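A, B, C and D label the chains in the order they appear, each numbered from 1.
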């Protein structure tokens, strides 16, 4: 159980200013609790990498000044903090390198498998290929295939210093179990130099070992585990709770100016000393309405 | 005379492209409504797929794009690489949303204006570039066709149509077949088999060719026999609206 | 249910002489029933491709004259038919192209993802790289990485015409569920131009759809399904039966000459008109002793 | 005086390389006995991994290599690509079997004799080439050391040791650290840090340097302080044998 830490320690011990970070979590499972703690600790200059996950978290972290670079496939049309920065042409506050979801997935795969690159058949002919940001020349390269004479695009590995994901269950050895859509969460986790799991529930490894086909990620490659009830709120966590759309809507509305977003942060992040206080502030009535009915099988 | 629901006209027109038993790879947003509607109306046994690895979800109503409830009662939850890299290539048709579409069917969902100093940051590719590059065939959905949304060249080429014209996809080694139609809230557009240029195939009820040309950044051609997109029947509209009781995608 | 066929039809409709074939099945799950049917139907000139699976099946099929080429990572030290052919220098009866398990896995992955090649960091410096068989020049190529100036080995895609696997469960839509070690079964299946699943048990799709994270392979990519009880015998099928070591030992002993192996085939394959007759010949007593106790969770 | 069980001497000597908490990537066959023995004796909390994607199996006795019971009560069953491509690179040590080992620790598990007209077809690489290429460090186990099994150059180089000597692995871009020892039923061999040549470090009880040299295809050096491999204690032997009650690997 040596890798079990409080959230505060997990951030303090593992995340340094200037690190690259990815938030896995395709079917909900986004570790908002970890993102809030990054904000509380005033972590800065992170590069945010993503293959289809964490768009709202990016908006939060960019707005809070935690992230200033992103290697991603998308933001959201209603990413108000991101838009305010980009459309205000403050590229020093947030620089984006655009890829596609498959390209970022392949970049994580290449990193996990220690490969020098992955060939890819998309990207060609697009402005994703032509326009270069802070990754520059290394963004996408080309090679002539020695098998058939054809030009092939190659993307470089992307290995985040830290990858974080919220999981439904983790056992005492750190083995991770999830339910719901998975996207590129597996390759995102495998690409991480350090992997941190925040988990809703601690389970007995006897349960894991009865059904090893169902383990999503092995404990031997998890560097830190934090048990955080409601750790994915306001995202959904299948079998536990649904998305808190009201909360997300309010967050979005209050992200319409630096000043108003700062007040939201004061209230919900700086104003709560840890995730338990945040959950207490949400209140029992609200939490009760979020508990979900799901068709996903339990255990 | 009642107001025409042009969004419904567009979605239902696009849904007609989908046939019984088709595998439909759906992009994020409105495309989901197109595929769901097709499945519940005429395209029985059609199967939805998306980039998050959701295979054949049994959806009865529209939900937010990122909601994991999407995956409930699906046949399989596989990986994004499986979905975009493997399943997509053999799907019958893909449906993609776009914020700008140009003369050659290239689409933009990244920025409006200069890339370095944009007036609007939209979203980015997500899986759209991969879908447009790799799908056997795809159609584009663009709501709210207005001046500037169909320029001669998109501000940022997020997802390839026919690029600069004939043979350009082949020169880039893009394996997919490219776009076959664009559905907007004013008209249905197809691509000329030789020039690969967009032309107007069908105008929605009450829309004139002049209305459409006002929005396009080049002198767009029209089919010799310009069609009129059918007005959805009350039954069709009822079905469409019943699929989005919470107004996630429809007003 | 249109893709549900009898075993005889599945072979007849899908496998043609000269095809390439792979048998997935890492944790048992080897479709011996399908292999026997290939022998019964006198299929010839198959190329056998494998990433770590089906070594005994290769020995059977090579001995029976069904397979004459193999792109594989290994045979077994006690592959008596293979050894008799190779050590007798009858390379026209069986030609082998040697790869490694990771290389064959990457080749299947490249085929599944329609990539022109996969980079690989093993193979270099070995005789696997130097010695070329029937794949020749295209076996492994090299390229200079445009990212860092380093030479990188590349392996080409391998897309078998037919991939076969025995599964514990399949539903009426052809969705496949498995239990036990999986090796490269997923990529082997995805690489197949046609996929045939022989399955122990038909289940209701309601069960599958309660737990879609547990679906191993989607029915929409399955071309034919055959329900074959005891379809993996003599290999194991976790949750159903264990390996029949006695049977395998007898098979191995009787593979010590062409003549003796031919007699074994006459008795067990040609002498049984289908898999049900084969199972009947095994006898209830024997089958009873093979039923297994396992720690793997059911359902 | 009782007969020495040289196979046990070899396995137990190799097991000593494994420490508490180590992640041990095991090749097929005898390496499993080495790792299991280490885990049950001194290397508590060590974790076994294999190329079929079995992570931390809780084995109490040896079973056939391909038996899926191997995966029972494991922590995870992942894919072969995960195992060989990802887990392997960060494991502490790998253990591999071999049929031939040469001067530079290259090993052969494919054919004996001419590749095109071999006298013996053994098995092939399986994952051995990948493990020898990629593992941080690995050791080789070779049972029944006899003349011909340690030639100057292996008949077929299945799995790379130091290839032709110093810097050769680096020239080929092999990322792993290469072999660090060879354990046979006669002796323990290590590699000279500069020349990368195998030398005799320790002789098993009753074995002479002449015995060993008789088997090697070149004039093999010996450590200046040649050691004597310890004879396993009765307790050690009992533990080893208890792990293979069905004589899958031991006589």
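The rule is short, and it goes like this: contacts are C-beta pairs under 8 Å (C-beta built on N, C-alpha and C of every residue); 3 or more make two chains touch, one makes a residue touch a chain.
This one's a predicted model, so the numbers in the text were calculated from it and none came from an experiment.
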**Item:** Set of chains adjacent to subunit A and to subunit C
**Value:** B, D
**Item:** Contact-richer chain pair (by C-beta pairs counted) among B-C and C-D
**Value:** C-D
**Request:** Please work out the Cα centroid separation of subunit B and subunit C, and write it as a whole number of Å.
**Result:** 41
**Asked** Per the centroid of Cα atoms for each chain, what is the distance between subunit B and subunit D, given in Å?
**Response** 57
**Asked** What is the distance, in whole Å, between the centres of subunit A and subunit B, each centre taken as the mean of its C-alpha atoms?
**Response** 28
**Prompt:** On subunit C, where are the residues touching two or more other chains?
**Reply:** 114, 121, 150, 152, 180, 182, 209-210, 213, 295-296
**Multi-partner residues of subunit B (each touching 2 or more other chains)** = 71, 73, 77-78, 81, 85, 134, 175
**Asked** Drawing the touching chains as a network, do you get a line, a ring, a star, a complete graph or other?
**Response** other
**Prompt:** So in the complex, which bits of subunit C are touching subunit B?
**Reply:** 112-114, 173, 175, 190, 205, 208-210, 212-213, 215, 217-221
**Message:** For a test of understanding, state which residues of subunit A touch subunit C in their complex under the given definition.
**Reply:** 114-121, 138, 141-143, 145-148, 150, 152, 154, 156, 178-180, 182, 209-211, 213-214, 295-297
**Request:** Provide the residue numbers of subunit B that touch subunit C in the complex, in ascending order.
**Result:** 23, 47, 55-56, 58, 71, 73-78, 81-82, 85-87, 89-90, 134, 175
**Fill in**
The answer for subunit D against subunit C in the complex is residues 51-54, 64, 66-73, 77-81, 84-85, 110-111, 115-130, 132-134, 156-160, 163, 168-169, 172-175
**Prompt:** Given the complex with subunit D, which residues does subunit C contribute to the contact?
**Reply:** 26-29, 51-52, 55, 72-77, 79, 82-83, 86-87, 89, 91, 96, 98-103, 105-106, 109, 121-128, 130-131, 150-152, 180-184, 186-187, 235-236, 238, 242-243, 245, 294-296
